[in-house]
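Each of the next two complexes has subunit A plus one more chain, namely subunit B in the first and subunit C in the second.
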Partner chain A sequence: MSLSVLLRTLPTLNAINSQMSSLSLLSRQPYSMYKPFVKEPIYNIDKLDKFIESGEAKKCEFVPVKAARNDHNVSVFHDELTNKFINMVMEKGHKELARNLVEAGYMKIKQLQLAKYYKATTDIERAEIELNPITIFHKALDNCKPILQLTPIKRGGSTYQVPIPITENRARFLAMKWIILESREKDRKIHFPEKFALELIDAYNNTGKVVKRKQDLHKQCENNRAYAHYRWG
Partner chain B sequence: MAVLREVLIFNLKCFRGVRSYFCPSPVFQCSSLSLNNASSNVRNLDFEQSDTKKISKAMKSYMERAKVHDNFIKDQLHQYNLGKRHLANMMGKDPEFFTQKDVDEAIRYLFPSGLFDPRARPMMKHPDEIYPKRKAAEFDMNGRPFHSLFYTSKPNYYNLMHDLAVKFKELDRHEDRMISRGIRDQKPSELFLFGSDWIPKEKIESVLLEILTDAQYSNLIKTLERFTQHPYAIKEKNFVMQFRHQLAAQTEIQQVPELMKDESNRPYTTFSARRKKSTATVKVIGQGTGLLSINGKDIHYFERKQHKEQVIFPLEFCNVLGKVDVVATCEGNGFSGKVGAIRLGIAMCLRSFVDAETTERMRLAGLLSFDPRKRERKKPGQAGARKKFTWKKR
Partner chain C sequence: MIRYSRTYDFFRVWRRFSFNSTESITNHTFRTNECSPINHKIDHNGRFYSISESVKKQLFAGGGLPKEYQSLSETLNGLCIMVRKPAIELIHYLNKTNFDAPVLRYVLYGRTGVGKSLSLAHIIHYGSCAGFVLVHVPWVPKWFQYVKVATPSSVQSNKYDQPIEAVEWLKHFSTQNGPLLEKCELKATTTYTWSKREVTAEGSPLSELIDLGLNRAKYATGCIVALLDELKKAATNKQCRVLVVIDGFNSFFSPVSKVIREDKSMVLASEFLLTDAFLSLTRNDWNNGAVVVSIDPLAYPPELRESPLPRYQLGKTGFEHLDPFVPIEVQNYSDKEFRSQIDYYIERNWLQQPKAHTDNGRAELSFTSGNHPYSLMRLVAPY
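Here is the complex of A and B:
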């Protein structure tokens, strides 16, 4: 029985766990250079405005703030989710290369969408075409996010694939991972940015291999719904 | 001069086991913290005249220890005063008006030390500052303890916890009374806690004269937290505030430097900042056209987009892009560190050019904080800071 299952089954253990975490709040966190009470920075101007308007900022007048990180900025092209994606594309710390690849992909999307835009004749058709690659990326990612996952759980000597709901973080991770894997599966002559652009546009329209992958996973979960109760007990 | 370092060497070994025995009348009388009532409240015990047969063994050993301790402190005080007079004579000043500040200065002058830690340098302090205060006797001649919580071994701590519980009940009763009068849904007012924090463990220990474990301290703080969340906690404001200390406002800590004028009468400020192993000196000049100079080159000194964005980040954040000139020199290891140092330098300089509100915004955005993160060291027995060697059974 895995630890997480054990924790889920035993409420008392959970209680102990939470107690320990509250205790550790008082002592310093290991490895962190910041004290535990230091606040995360809010560098996005819109978020900061909201934060100040809500009156939360007044409470933080006495709380020290962590330094903004190297990949934070207020550029109009800045996008947190894209940053996350770039970090996942990155291999061996070549961040500049990863960033160039993703941006080249965005450029390709822009070109493709603009071509469609100019091809369209009426204004209604043109209005439907999304030209902003970042919006396309966000919607495509949303379309690729699964809501269920299979996890092996041992019951009575045999292992069952049990469907369980997944967290927002895990869903995002899986969607990004699938997009990257599909983008890397290509002919020698096609490069990553082109395949990435095509995959994103497909996913934006709720078609394509990545969305298929998500649907397959959901189908499998549906097939195994009989085991769903093994999640508890 | 014997008081100097030798004083510190003498440790509390002979008293350690009995620290908690020395206790004045309960510290938390009338539920209030009373400071500095430690050894001054020693019960006046007539050592010589009392019948030795009636005195319990505990009392006897306590009296012996108290006597030794008193003599020791008296001796130390004498030596301290003597040393002070000597120092005053050496420095050519009047011994009568020689203060502790003068003593510190004299020591610094006569015993120059290159040791890094201030506590390791030579010093001469009043014995009261060096030797921790001790509790007076907690029991009478027959060995009967004064305090009902004596056998918890931490009577002051548990007395405080008990007080808290009693006050909690009082507040509950008050709430019941209010409800019976028809006043409901009273919102807890946490406003009086604003801008202050719970006092640290060491301070509580020095007041209680008892050593607390981490668990006991966190228990106390948790109880106090819960106490403040009571709808009518404001009634006990004075009691709670004894355990809180005021925090200094972050914006006040960082004092904004005045703008200076250069030859062409343009305002400017400078700041030197660090990040990782890099240092940067930044000069921001007002009434500019957005010129950037980093080690003599323009922004293309940095090849990566991310680094270029970092240089512009504070300027863009304050809407001064194209309105000020920046001259920066940086040195030290990689580009990431250099650009981090330059960013901090620019942001710090910009404080003089923008209003207080924007400064506070910059602080919340993390532009004015020093980034303390550093390369983590490699550990012995491991391949790197976190990476382990491949594990082989044999």
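Here is the complex of A and C:
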């Protein structure tokens, strides 16, 4: 059954906002548009196909769904992490500029990797070179994510830097932040996209300043392992 | 029960462009081995042919390829140009031309970014293969919008010269035509007196004239005027065939200029000596040659870019100057051309997202770029 036919037979996706107008003014969550039971929309076509095929869609037929956000996109180029990263690069709401910068960085990555690719002579060498900028970005981000962090905790009049585990969200945030800070630290003649591309390729190969920063943090955590028990009590 | 919702609208749009393409992509013949543009026919439409490094260096060292296209070709390890309908049409005409008749003027026009300059590059390659002497101006607005120095002319007192640009153009001309000029043995037909000591005598080879212009920037513009005049005469006397290729021709008739006198009045394009020289070459008072010009909204000031059509872009004087001419419209990619462009990007590892290689991905790219070549290039660049 093709997607288009299914979409037509599925009232839920078409009637997403059905209950929105009836939201009472006396809602307990004054800053949320939606009641807690309103579901997140699925905007990815592949995920939607799976959702329908697995039969779960049938169950959710009469459950209200949130409206899709304006950065939800079905484009073949859409990537959630990239979108997140663009939002972090953005300053003062200049999203288009931020997107252009990141995309220019991606183009630069492709140029650098292709130069290596066409320089390589054997097929084995060529197969090792990753050309897809989104894959490079994902792996570079994974390589930059810390697994521990330090937090100041006051015990007996003095403050200790205590190593604690880190959540997935926080780790991703730190990795992105470090990449951006490192890309902005450059000569005036070099532009952000170029430095960003170089930084990503370095991080992809598990080298470079951002990975060093992560390792430094881990080392500090290791040094302070004696304080680890201050986390409790 | 279908109520209005944003998401529904979203999917409707998606359906519109994702399920319409029924033709499967099995066509792998996006390249052609026919590397000589003389033989390009309608069979080669939409296919890429490659240009060797040495030819590229000879023909396009001084300009002629759009900057972004050139850097892309370097990244993709080799210059390839798609054989497209306007170029095929032009090559067909040029192959069948009766060169005893007065020169025909061909005008390429179309929106910005549809591939006029690349069609011209194709024609330049054709001209060089077919043994034409090339008179090629890569981008006319460069002479009037971004002039470095404009001085009162040494030849005509009421006109202006651009010495730096003139020397650049002479260099471009000599790299494009160096070997051919020696073979044709073209001679100066009159004596040109530049100053008391500097004289180009009658019967001296044209390369001497070019060398003088290259060494003495002050007389470079005068040299170009003399050179074009000599070429016109030589062509009419059947000593050589001349192909005039000018990109951004409408800039000669632009009502606005960025060159400003001390009293803040504009120096219009018509007040430059180079304009006179090239306008005389595009008149049809000579034969044994051809004139191909392109008209681009970008060559006109920003406030006058509403329409890409020749009458609007050339104005009354420009249109009357070229009339009668053969208009050739350059359009967006056809389906076949679009498919082969994407195939080319995939083969050269430029389009990296596996999702974009599928039928649906292509349909989306076609929809979002509107089959506009430059938009497609920009769209695909980061991914």
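We take it that the second predicted complex is superposed on the first by the 205 of 233 C-alpha atoms of A that agree within 3 Å, B and C clash if a C-alpha of one lies under 4 Å from a C-alpha of the other, contacts with A are read in each partner's own complex, and residues count from 1 in each chain.
Criterion: a contact is a pair of C-beta atoms (placed from the backbone, for glycine too) under 8 Å apart; a residue touches a chain by one contact, two chains touch by 3 or more.
Treat the numbers as computed from the prediction; the structure is a model and nothing was measured.
**Student:** Touching A:181, do we find subunit B (first), subunit C (second), both, or neither?
**Tutor:** A:181 contacts neither subunit B nor subunit C.
**Student:** Tell me which partner A:57 touches in the superposition: subunit B (first), subunit C (second), both or neither.
**Tutor:** first
**Student:** Is A:164 touching anything from subunit B or subunit C once the two structures are fitted on A? First, second, both or neither.
**Tutor:** neither
**Student:** Of the two partner chains, subunit B (first) and subunit C (second), which one does A:226 touch, if any: first, second, both, or neither?
**Tutor:** A:226 contacts neither subunit B nor subunit C.
**Student:** Check whether A:33 is in contact with subunit B, with subunit C, with both or with neither, and answer first, second, both or neither.
**Tutor:** So A:33 only meets subunit B here.
**Student:** Looking at the overlay, what does A:104 touch: subunit B (first), subunit C (second), both, or neither?
**Tutor:** second
**Student:** If we overlay the two complexes on their shared chain A, which of subunit B and subunit C does A:74 touch? Say first, second, both or neither.
**Tutor:** In the superposed model, A:74 contacts both subunit B and subunit C.
**Student:** Does the superposition put A:115 against subunit B (first), subunit C (second), both, or neither?
**Tutor:** In the superposition, A:115 touches subunit C alone.
**Student:** Looking at A:95 after the superposition, I want to know if it touches subunit B, subunit C, both of them or none. Which is it: first, second, both, neither?
**Tutor:** first
**Student:** Under the contact definition given at the top, report the residues of subunit A touching subunit B in one complex and subunit C in the other.
**Tutor:** Residues 41, 43, 45, 65, 67-68, 74-75, which sit in both footprints.
**Student:** Which of the residues in subunit A come into contact with subunit B in the complex?
**Tutor:** On the subunit A side, the touching residues are 22-23, 26-27, 31, 33-34, 40-43, 45, 48, 51-52, 57, 59-75, 78, 95-96, 99.
**Student:** Show me the residue ranges of subunit C that touch subunit A in the complex, using the header's touch definition.
**Tutor:** 1-3, 5-8, 10-11, 14-15, 19, 75-77, 349-350, 352-353, 355-356, 358, 360-361, 364-365, 368, 381-383
**Student:** In the complex of these two chains, what residues of subunit B are touching subunit A?
**Tutor:** That would be residues 194-195, 214-215, 217-218, 221-222, 247-251, 304-306, 309-310, 312-313, 316-317, 336, 339-340, 344, 360-361, 363-374, 376 of subunit B.
**Student:** Taking the complex as given, what residues does subunit A use to touch subunit C?
**Tutor:** 2, 4, 7, 11, 13-18, 41, 43, 45, 65, 67-68, 74-77, 102-104, 106-107, 110-111, 114-115, 117-118, 131-134
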